[in-house]
Amino acid sequence: MITKTVKDVHEACRGVQDGMTIMFGGFGLCGIPENAIAELDRLNIQNLTCISNNAGVDDFGLGLLLRKKQIKKMIASYVGENAEFERQMLAEEMEVELVPQGTLAQRCQAAQSGIPAFFTPAGYGTEVAEGKETRKFGDKHYVLEEAFKADFSFVKAWKGDTAGNLIFKGTARNFNPVMCGAAKITVAEVEELVPAGELDPNQIHIPGIFVQRIFQGEKFEKRIEQLTVRKK
Amino acid sequence: MITKTVKDVHEACRGVQDGMTIMFGGFGLCGIPENAIAELDRLNIQNLTCISNNAGVDDFGLGLLLRKKQIKKMIASYVGENAEFERQMLAEEMEVELVPQGTLAQRCQAAQSGIPAFFTPAGYGTEVAEGKETRKFGDKHYVLEEAFKADFSFVKAWKGDTAGNLIFKGTARNFNPVMCGAAKITVAEVEELVPAGELDPNQIHIPGIFVQRIFQGEKFEKRIEQLTVRKK
Amino acid sequence: MALTKEQIAQRIAKEVKDGYYVNLGIGIPTLVANYVRDDIEVDFQSENGILGMGPFPYEGQEDADLINAGKQTITSLPGASFFDSAMSFSMIRGQHVDLTILGAMEVAQNGDIANWKIPGKMVKGMGGAMDLVSSAENIIVAMMHTNRAGQSKLLKECSLPLTGVKCVKKIVTDLCVLEIVDGKFKLLERAPGVSVDDIKAATEGDLIIEGDIPEMKI
Amino acid sequence: MALTKEQIAQRIAKEVKDGYYVNLGIGIPTLVANYVRDDIEVDFQSENGILGMGPFPYEGQEDADLINAGKQTITSLPGASFFDSAMSFSMIRGQHVDLTILGAMEVAQNGDIANWKIPGKMVKGMGGAMDLVSSAENIIVAMMHTNRAGQSKLLKECSLPLTGVKCVKKIVTDLCVLEIVDGKFKLLERAPGVSVDDIKAATEGDLIIEGDIPEMKI
């Protein structure tokens, strides 16, 4: 019997090597695969190309890998929260490809879906479109964007089952679903892992077919980036 | 206060006119917008272009509109269950565009998503690709397919709320979600309509922004096309 | 003796491996599910929107909202999931499905397949077949070796409108198991009691016959 | 007197109509939510994956899994929904969002906007701004009329890398309300106590000034 469940994050990360291209779910620090990032930090994997909406903060999320200069190239849409990132980018110590957020999501979903390329209006007439094919449909201009290719995809879900089915919570969903199945191997870390059959088949956000490895994360810090509250 | 809830199917169909292009959710007879189809039959709307995976059976689903020759053109992937359909098609009384099922789904989703065109491998080297641009990505050939344009989209959901949020059930989901927001006006008929706030925001399949009108269907026959059972 | 449709399904079931996600077409392929070894775990995907499809329901427990791509009432197994048509074809087009089994009217020796249209006579549509055959890395065709008129369905070139080009890997018919190799049909196994000459006589396309061809075990 | 940032938000809030789906950018736009009339129903979309965004949570009720695109903790209102990033941009790209309000570093008189990069100095990234401005049919820019150095941000041509071309429809600054008409800035309203000459002096781009320009009401 083949099982997708792995014991822990060490087992979940086997096969990750220097120079690989890796997708990371999450928006800001919300819904990031904390356990996998910490493990890549411990393993000190080098020369990574990371595809992620953001680059974490200086001491959490992908900031951990940035600090140790493990990232050769970053593909992201917004990196404004990370001073060390901006320093490495402006000093040209790291390659950076900035991608409109919707295009980033769609390029992941295209990879998941076997769509090699699609047209989008985002970035037409800007430097994002430089060197890319553009075309007019109706009275509007569009840019041709290609699907990403990646070796690993690390995602974080709220609940998962041993068949690899995933359910996300609140806005921690974000980029996680679209990265499932968008890389050769998708690794999901979940807050709660249950036996197959316990989740309602009608409420599954990502079917297990898109997930190769799943494990219950040892610990989720879930750091809040901008705590904003009202007084009672 | 603007409300999406309409009283009944008559109100839900206001604005539908002869010659329009209309999407219909459903797969076979499963998850079809029964009430809307019956109303279009009663209204005797003519010269319709219908986008639907199937064409119903002779006396149910889109078969009702076929019988009265209300359909000028049918865009579908599989029409094998309907003898009158085959007759009209072979006699060239009706225009037919057959589209691979995945391409059909993706052309709807593209319309929903503001993607004017995308590449897909389906149909490369076949008559489906005739007259269309093809391109090689990696070592594989793909066909460029464009988003559909439609005036109305009629879908059927299990539960819905007054904000237009929808939840589907089982395999009655099928084409319904991808057609929401893919036409100028999306009309959802639901088995159970509840006040906004009663559905779990984490379990909504289609957010209300994609739906313009919603009503609780008077009656759902839910006919079974192929009853297959085991003995106890 | 030529295999029955049930036996074709039975033979194909041996190609299904532990952990596979499998899409079964309408007809003979549907029967394959009945013969998969029960010590392995296999998930059946149906393109109308279910992964983890189970057997037909018991009488009286059928649910109109739970069907397969053949419009038959079905059940779901523990670990199943429901999804929309776009996601279903993400699984298929994105090559997440491990094995696709489908029927055919004609197969050519270069792997071309035709199964959706007879011009001027029969047009049922391609359904999901074009997406399946253009995407799947592992396609097995299940069909009778000849049509009702006794003509070979294994051809040098397809005469009917194509469903997909150079995509079929393996064919299991009532007479034999064949693999597409170097633009020809390589004979792998014979049905019990069927001779190589019987197969030659029933095949219009070029055959590769190397050494002794074993009888298949079902 | 020039408007405060709160007052800019207050003026923009009057552009929000009953039944609108609205996407608010970071900064001044975020404040708009506080001033929308409470007798109309407006749904706020945040591109990280929520429709029906509510106010900040009460102290101690914050949830790390519930933030807006500015990474601030938020709440959800009855009728809200959560979704993934692809669906979020389906809403935006598919033109289902009725109104987009965002900040800018520069706006040109043809409607071009720049707000994501100062070459060699500051690169935060475009986030969802390029998707928003290339798709939205109704874009209002909220910004100060001049930058910290006192230079006009309303230009004949943008000097910074563009976020989008010919997309801005309306601009509300601390000095006035402007509309893009025929490739120029048409002055619609003045801030209370701000003269047409004050606005002329602070605007590098070409202005259209027709008749008496009324003071805005907040």
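First chain written, first letter: the chains are A, B, C and D, and each begins at residue 1.
Note that a contact is a pair of C-beta atoms (placed from the backbone, for glycine too) under 8 Å apart; a residue touches a chain by one contact, two chains touch by 3 or more.
Computed from a predicted model, the values in this text were never measured in an experiment.
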Legend entry - Touching both chain B and chain C (chains): A
Inset, instruction - Among all other chains, pick the one whose mean CA position is farthest from the mean CA position of chain B. - result: D
Inset, instruction - Could you please state the distance in Å, as a whole number, between where the Cα atoms of chain C are centred and where those of chain D are centred? - result: 56
Inset, instruction - Express in whole angstrom the distance between the two chain centres, defined as the mean CA positions of chain A and chain B. - result: 32
Inset, instruction - Starting from the mean Cα coordinates of chain B and chain D, work out the distance between those two points in Å. - result: 36
Inset, instruction - Would you pick out the residues of chain C that each touch at least 2 other chains? - result: 50, 76, 82-83, 86, 89, 92-93, 135
Legend entry - Multi-partner residues of chain B (each touching 2 or more other chains): 106, 109, 113-115, 120-121, 168-170, 202
Legend entry - Arrangement of touching chains [line / ring / star / complete / other]: other
Legend entry - Pairwise chain contacts under the document criterion: A-B, A-C, A-D, B-C, B-D
Inset, instruction - Provide the residue numbers of chain A that touch chain D in the complex, in ascending order. - result: 27-31, 53, 76-81, 86, 89-90, 96, 98, 100-106, 108-109, 120-128, 158, 168-178, 205, 222-232
Legend entry - Contact set on chain B toward chain D in their complex: 1-2, 109, 111-115, 161-163, 165, 181, 195-197, 201-202, 204, 207-210
Legend entry - chain B-touching residues of chain A, taken from the complex the two chains share: 106, 110, 113-121, 135, 137-138, 140, 142, 146, 167-170, 202-203
Legend entry - Contact footprint of chain A on chain D as seen in their complex: 46-50, 55-74, 76, 82-86, 88-89, 92-93, 112, 116, 120-131, 134-135, 161-165
Legend entry - chain A-touching residues of chain C, taken from the complex the two chains share: 18-19, 21, 39-41, 43, 45, 50-52, 76, 78-83, 86-87, 89-97, 135
